[in-house]
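Chain IDs A, B and C follow the sequence of writing; residue 1 opens each chain.
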Amino acid sequence: MGAGRLYPAVAVGGFRRYATYRAATAAGVFTNTVFGLILVYTYLALWDEKPHLGGYDQAQAVTYVWLGQALYSTLALQGGGVEKELMARIRTGEIAVDLYRPADLQLWWLASDMGRAVFQILGRGVVPFVFGALVFDMAVPDDPFAWAAFAVALLPAMVVSFGIRYLAALSVFWLMDGTGVSQAVMVLGIFCSGMVLPLNAFPGVLGDIVRALPWAAQLQMPADVLLGRTAPVAAYAFQAAWAVALLAAGRLVQAAATRRVVVQGG
Amino acid sequence: MAVDGGPGGAADGITGGAAGGRTGDGAVGGPEGAASAVRGDAARGGPSDGAFIELDRVEKVFDVRRRTGFLKRERRRVRAVDDLSFTVARGETVGYIGPNGAGKSTTIKMLTGILTPSGGRLRVAGIEPSRERTRLAQRIGVVFGQRTTLWWDLPLVDSYRLMHRMYRIPDARYRANLDRLVEHLDLGPLLDTPVRQLSLGQRMRGDIAAALLHDPEVLYLDEPTIGLDVISKARVRDFLRELRDERGTTVLLTTHDLQDIEQLCSRVMVIDHGRLMYDGPLAGLHEAGESERILVVDLDRELPPVDAPAPARVVKVEGPRQWLAFPSSVSAAPLVARIAAEYPLVDLSVREPDIEAVIARMYAGQGNRAASRPPTSIA
Amino acid sequence: MDETGRATGSGRGALSEAGGGPAPGRGPVAARPVLPGPARRPAVFSPFGEGVRVYGLIAGMWVRSAMTYRASFLLTAFGNLLVTGLDFVALVLMFSQVDSLAGWTLPEVAFLYGLSATAFGIADLTFGSMDVLGARMRDGSFDTLLVRPAPVLAQVAADRFALRRLGRITQAVLVLAYGLLRVDVDWTAAKVLLMPVVLVSGALIFCALFTAGAAFQFVAQDAAEVQNAFTYGGTTLLQYPPGVFGKDVVRGVTFVLPLAFVNWVPGAYVLGRPYPLGLPGWAAFAPPVVAAGCCALAGLAWRAGLRMYRSTGS
């Protein structure tokens, strides 16, 4: 099979695998909705005290909350995509088999994670967002171009998300246990992606820093594109830069890790 | 009597028990077998008639829900175990076999108290397992072949220390048992090795030791030799034989490997569709099969079952190879001639009956379901 | 080791239970037929005491397992502290933009946060891994717990016990201390005594939630995540003042899922603020009763779930 058909097939496999967990998907939708509710109330209280915080009005803040819940699983903002499986394979040594496959390791896992991400949008993302739109006042654009621009921004967001988690997973080649790294991914993901507070609302220098980190490419950029707060092209450029940088770093680390496996005798 | 009778005495007791007729319900173990095998049962409050494990018309019914459409579901009642009655005397080693989904593991789960029977009466050592699960747990040992209960990241001996304390095994007895098990299962060099570094065979031996530290009166083994290499299998079997002969532990084992049964069990129970198909000595199983032989034919391509003249019939088809059973009293020649004339025959052989064939034949009695069942997958 | 019974003969005469067992040496002498079973029917132990004992044994094994990956353990303990600290950092970030939230100041919110997060941290440390139950049922390893002579709930609660969760408690206690030092409270004996009672009651309420969530997995094995909505969601909710939320939410959290008794109600009493929903004055002292009720209900749910598993095997 040529690469043109191999990786799409891997992606479809990733999609299907996650699609089989129906009860888990329903449970995730429920949980994301509950967390969305809690966050919306706190944001409403916050924006009551300080209208236009971070340049958002109340409706935009509410929209941001539900976007976060909708993309939470898709972008694996706290981890929990294919990297868990990759870590397990590295730990058990099954990764050696993967290395002999006539496929690129990074592309293989990227494709699989893309399949997962697309499923999560449909399976876990749509329902909480629609719930939010029905129950609360939201700033949802009716311009189809805004939605199209948003959809385009999701793609590099997914790649950046994968790039970070792939690096984390490769670290298991050296650490042998992924729990700690997963937790680090979680800490950084929650804080720096703007799950707790929109990055626009972060004060001072801290705000400048988090808005420059790759996590900003995940939730904040697509949200700002949808809410019309930033020019799509600028957002895409920022996202693409980080996507390329992370994938390149992934290749470098992968090469070092592969050498290590070979030295150890597989 | 067998208290300090040493290995010989205990072994006698077991043989006595196994020799008693056992084809009917409840007629297990002659009185002498029971008396010697039970050994002071009264002190433990067990049953006095020698039936250590006792099932009387036990059944287990599941409601299975199956997705038939996007939202449609179909409910179906499945009798995993149906009207099952048998008894096992103390000290017996019994092979419990049958095809996948026949009800073997459901039976074991009911015997260990994991599952509650839907009907009937079930007693192990006089205890109703589902009601007194924890009390029974002190007296049974369970080894799930494909699922280790050892602690993955810790040295093997740590798992044993946990058993020591969880089962409240007196210190001296724990030490004695551990020494004995370590010696017989050759675990000495492995005790300080993390379990994750053990081979499958080493881990199985480790699991068996873990299940025996608290001196269980009965040991349930689910596929104890699955996935093991020949040497590991032999070692496990040797140990189980010792356990049977020298300690009089009652053993019930399920297996896919008929050598396990040939080498360990004086009695075999075959279960299928939740019902007991055969219960008797191994010899009887052989005898039952001696009336038929198996003709194995290799055709040059995959074909539907050959149209053999009765009483010969096809019992299994696997690609171009087909197995035909025919009466031992009849010559194979006419059958071979006929097949050679009507089918593209490549090769053939006649096999004398073995347990596999016997069991295949038992299934054949139940219609077409058996035709596609390879005799090798009988357990 | 017992060296007295270094028997070299047939092994006869080595009959006493505790006496001369076969020699620890590796000689071919260990064939003594020890009687199966008798003479050690233990006294009847209370299920609760036995549960605590077995819980300790299993938790100890998990701790030692974690210690075999020491670097990872340290990293995760620290990470746990960070991860949980983020909740509070989010609050601080919010208060960097505003002076009060629904009329509550940062120290007051920190006090609420500290009470809830400490109670939750204790429950998370002791009962927090019960979400692996569904996976254990799927892979069949749950059955191995049912053949042990120990209460199943204790074994499941101790499953994957992880000391790294002390990170969460540490963080929560620090925030609570900050809140206690900075809030303006007229401390009375009743208020001081109420504090530990509230923490223990809150922990028990969350333990009951974890247990009920585990029981729910008997019904839906894949739906472990649902309990996160109630446990993690619950503690997140309680970290904000009740005034932030709609009346219906507060009612639900008071009367249906009585989380309000973890911190909102007793916290309002200590801070001298009006109770949510105009609850009567004694409500601040109700947490132990509420906790007992929750535990009883969760226990019933667990038993029902286990009974269902044992009748259906799935």
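The working rule: contacts are C-beta pairs under 8 Å (C-beta built on N, C-alpha and C of every residue); 3 or more make two chains touch, one makes a residue touch a chain.
Each chain and its UniProt protein: A = ABC-2 family transporter protein.
Everything numeric here is computed off the predicted structure, so don't read it as measured data.
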Legend entry - Contact-graph distance - origin chain A, target chain B: 2
Inset, instruction - By CA centroids, point me to the most central chain in this structure. - result: C
Legend entry - Between A-C and B-C, the pair with more C-beta contacts: B-C
Legend entry - Chain centre separation (chain A, chain B; CA means) in Å: 50
Inset, instruction - Take the average of all CA coordinates in chain B, do the same for chain C, and state the distance between these two points in whole angstrom. - result: 40
Legend entry - Distance between the centres, which are taken as Cα means, of chain C and chain A, whole angstrom: 31
Legend entry - Junction residues of chain C - those touching two or more other chains: 69
Inset, instruction - Mark out which residues of chain B touch at least two other chains, giving numbers and ranges. - result: none
Inset, instruction - Write out the stretch or stretches of chain B touching chain C in their complex. - result: 2-7, 10, 39-40, 43-44, 62-63, 106, 109, 112-116, 118, 130, 133-135, 137-140, 142, 144, 147, 149, 151-154, 158, 162, 165-173, 175-177, 179-180, 183-184, 188, 194, 215-217, 242, 246-249
Inset, instruction - Mind listing the chain C positions that touch chain A in their complex? - result: 69, 71-76, 79-80, 82-83, 86-87, 89-90, 93-94, 96-102, 220-226, 228-230, 233, 236-237, 240, 243-246, 249
Legend entry - Residue numbers on chain C that touch chain B, as the complex places them: 1-2, 10-13, 15, 17-19, 21-24, 26, 30-38, 40-42, 54, 57-58, 61, 64-65, 68-69, 139-141, 143-144, 146-151, 307, 310-314
Inset, instruction - Give every residue of chain A touching chain C within the complex, in rising order. - result: 21-24, 26-28, 30-31, 34-35, 37-38, 41-42, 44-46, 49-50, 53, 175-177, 179-181, 183-184, 186-187, 190-191, 196-197, 201-203
